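Consider the two complexes below, in which chain A is the common component and chain B and chain C are the respective partners.
Up next is the complex of A and B:
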């Protein structure tokens, strides 16, 4: 890693470019945040029945839907980053927390007739408690074993819940529909994503964060330096679970129907990990960038037809190339010491190949 | 300060330590020498909680510590280095040392800002201050050994366990490292060190224990031990003895 030996002071031009990127980013964030308000408010004189609101309104709703989905994946990827990126434990079953959060809200609103506002705070609590429970035995495992154990847990939780009649069994749960609340769900998801980033920022500056990174880099060394590795790992796992469960809880009310298939999708496990790694695992904004880029691509390619098949093959190739040549994620270019150059890719290739 | 009584540690059928007892009084520099596989590192592992002894007891400042997890032992004031260095590779030298100050003994456990200031002091002590901003990947082997010591020192230990921190250093570097050990000791820290470099053992140790097959083969001042027939046969070799007397 000889690049560290060179000056890391960005040039004046570099600073200007970075400032420009920041401004563009902030403007984009502002537009994305305001859009749902303007798009989902039917004109005052319009008939409030969505059926007759017309095609424009339907398109607008789908834009907000896309934004909400992307915000949800930002939250999932940023949450995974706490355990997978910072702590270095490749959790492959975080969808269990998503599903538990969703079922908490689904059960409380549908069967217990609690309001959404009262049910939602219990989603992260339930997911975190479950993470603490399974974390104690599972976080004793390392590497592949931990990945497989969490993957199995994720699948098992969904299967168990599907077979409990109180949770709707095979038919699922139906939280009462909230009408004209598209903007609300977007803002809830965006707040969850923002919360995940804020939590990561706080963790990265704290004793807790240094402990997690020390565990990732060398767990034995961390423990003899005084890091309570068990407590820290379980803590990171529970924190990730809480943020993931919150997303699940919002999702349940948003979709107003949940069953095992819709809230325990195994592919979410892979997606949130890919997003975090492509963007830059262990970094603050990596998972955000990765989630926005990848989920946008996935949604854009979901159209169907022959061209979308080719596009999906292209996506696969892109993923493989990125993992090989940009192993530390795309935000690495904005980190200060690395610059987009042939040398960077050569070094990366050396790092990622045997 | 530290007392081991009847400590046994087996790996499969092999006893790495068998019924070993020893004491380390406060303020001493104790050297542990012996052939490879004698159980020296296992002994440090048992003291620091990395390994759990199968039998026997270990007490530190009057408190039994065998069976405690490593972080609690670190909290009580025992710091250690690893023979095969275990740096936090993605962190800078300064951050590595700061982790010791952020956690470590009850005297350490500093807030981030104070931990970084303390890390700078410790890096100054071991001579790594000019390289504080580098990542570990760009450090030479001797510097990585220094970092290992710095990180352990940053925990503000009462007892420091050093596992072959001078192996692979050239004579000038050994002298520098000896200076660091003396400085640390002068700061009131009791030291147990494993060494194969006899110049180090003679240079700083008050007392030496020779381990052989998990048991104590000999014990005494460095001079006594290095002239012991059994130690020459089991470890040092006739050539060393001849050279010493020449």
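Up next is the complex of A and C:
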């Protein structure tokens, strides 16, 4: 806001630093993308029994697993950004779409014996259709009302599914296990993450995107200017739901077991929001950066057992520190106008506190 | 027929619990414009406080209620003054995230200190009830309903009959004007949150005699408190009382009278009520149109 007045053209040194950062970033992306092939694929090609491959292979597998999880959260955060960051609607229940996508794949592969390849495309379709359906009443709500109504959606959908025996009831669903598919799942998740960023990029450049931003800044004004606010909001919601549902569908086959607790976790709602905010809500790469940094941190902290309790406490504290000190996200913090200084924190604090 | 009467009575008593839980939530939301996602965790603090005093000092659970209120008053004051006041002018979204973070920290502290075990407060009169014909009225739930109504009365008195209450209402109506007439905003915000937390503490103390205590036992109550406030309408104690009692009735009747629904559906029922009210009458049954 006020910082915009201070922004200047980047200096020559600044441009060089930026180019360097870009190169490092691209190299890192390339390494991350190729790694799964070298780590697990040789064993898969030889069709070796994972049990006999020993500790090194187990470590390689866990690295791929970490990468896959991070890619999944990149997609979730980028998808949330469409409705929460661009449109400014505080969606607190996107996990409903994740769970619906997962249950679509789980139900079709386990109960209907459809192949994963045929079931997966239906996951985003189902999630988006559901988002359109509940979006019509819910997106008429503003502020807290929308936030809690979506939070309730996430909880209620999981509960309803758990109570229906056709969807496995309390036992859950078991999609048939795909052996030696670690690399496949990583590339699927990474493709979905890339898709989410691509969609965001396209939206940001389109009439649709400008309409969403107009809604975020002032919904009445946008409406007066001829933006069909209902259609735009439901569209953004459904788009976010489709990407989230796709991630859920991949997750279902990847974990080969799903139940209410594993695919409707309430904390995912807040994790994806925190990632987007931490990185910079409404920006293209903010949610990506936030998801990579935060999920990596969470996975590094949580070794299981009591340490996962400390990880959760750490997450809660991080949440508090983020909203108090860097409410506009790290991208705003490092990028462009503002400088790394105590003054930044003090200004953020003064703007919002009483 | 007597089965229906029995269910109506149980519904009202369950409603009493919801009133107790929702009073503090409603106060904080109405005055501070904060939807406190840590409200359920504050209720659990009250549960553990009562459990501790009951098992270690042998106090009757109902005698521990003032202690619960006092403990949570202090916790609430410190939380608001030290933490939440920092983001009170930020978009609502940030207060939601902040209170969710507080919720996460509290739940995991409970896990650390008390483990995930279920605990209970069982007194000599726990299973006893008053028999009227074929209808049974459990003493504990009856007492909980009575105390919830007393609590509502006390908060109503505080808000409408005392200088402190007027100051709180003034801040809720227009914080800048309130500041101009000499009201200390930081203190009144903290005080309001403290009163809300104290109500959560009393609710937790009551609940400890009714249900099992565990670190996540308070989670459903945050959503349910929200539904109660939506149902009744924001901004008046009487609306919360009506909303709470009605919601208790709806839940018990839906679970017992609608085929296919059972105890596992309480969140889904709450959500259905929420969406219906928000779509049909967004200001709540007793609320004034915005």
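Here, the second predicted complex is superposed on the first by the 319 of 354 C-alpha atoms of A that agree within 3 Å, B and C clash if a C-alpha of one lies under 4 Å from a C-alpha of the other, contacts with A are read in each partner's own complex, and residues count from 1 in each chain.
As a working rule, a contact is a pair of C-beta atoms (placed from the backbone, for glycine too) under 8 Å apart; a residue touches a chain by one contact, two chains touch by 3 or more.
Note that the structure is a prediction, hence the values are computed from the model and not measured.
S.K.: Classify the contacts of A:138 with the two partner chains as first (chain B alone), second (chain C alone), both, or neither.
M.R.: second
S.K.: Of chain B and chain C, which one touches more of chain A's residues?
M.R.: Ranking chain B and chain C by residues of chain A touched puts C first.
S.K.: Scan A:224 for contacts with chain B and chain C and give back first, second, both or neither.
M.R.: It touches chain B, and chain C stays clear.
S.K.: Go through the superposed model and pick first if A:212 touches only chain B, second if only chain C, both, or neither.
M.R.: neither
S.K.: Looking at A:160, would you say it contacts chain B, chain C, both, or neither? Reply first, second, both or neither.
M.R.: In the superposed model, A:160 contacts chain C only, not chain B.
S.K.: Does the superposition put A:312 against chain B (first), chain C (second), both, or neither?
M.R.: Touch status of A:312: second partner only.
S.K.: For A:270, select first, second, both or neither according to whether it touches chain B, chain C, the two together, or no partner.
M.R.: second
S.K.: Could you tell me if A:151 is touching chain B, chain C, both of them or neither one (first, second, both, neither)?
M.R.: The answer is second: A:151 touches chain C but not chain B.
S.K.: If you lay the two complexes on top of each other, which residues of chain A touch chain B in one and chain C in the other?
M.R.: none
S.K.: Which residues, counting only chain A, touch chain B once they are in their complex?
M.R.: The contact residues of chain A facing chain B are 1-2, 4-5, 205-207, 210-211, 213-214, 216-218, 220-230, 282.
S.K.: Touching chain A in the complex: which residues of chain B?
M.R.: 48-50, 69-71, 73-75, 79-80, 82, 86-91, 95, 98-100, 102-105, 108-109, 111-112, 115, 133-135, 137-138, 151-152, 155
S.K.: In the complex of these two chains, what residues of chain C are touching chain A?
M.R.: Result: residues 29, 33, 35, 83, 85-90, 92-94, 96-98, 100-105, 107-109, 111-112, 175, 185-186, 189, 219, 223, 226-227, 230, 262, 264-265, 267-268, 270-272, 274-275, 278-279, 282 of chain C touch chain A.
S.K.: Okay, in this complex, where on chain A does chain C touch?
M.R.: Where chain A meets chain C, its residues are 90, 92, 134, 137-138, 140-141, 143-145, 147-149, 151-153, 155-156, 159-160, 162-163, 266-267, 270, 273-274, 277, 306, 309-310, 312-313, 315-320, 322-324, 327, 349, 351-354.
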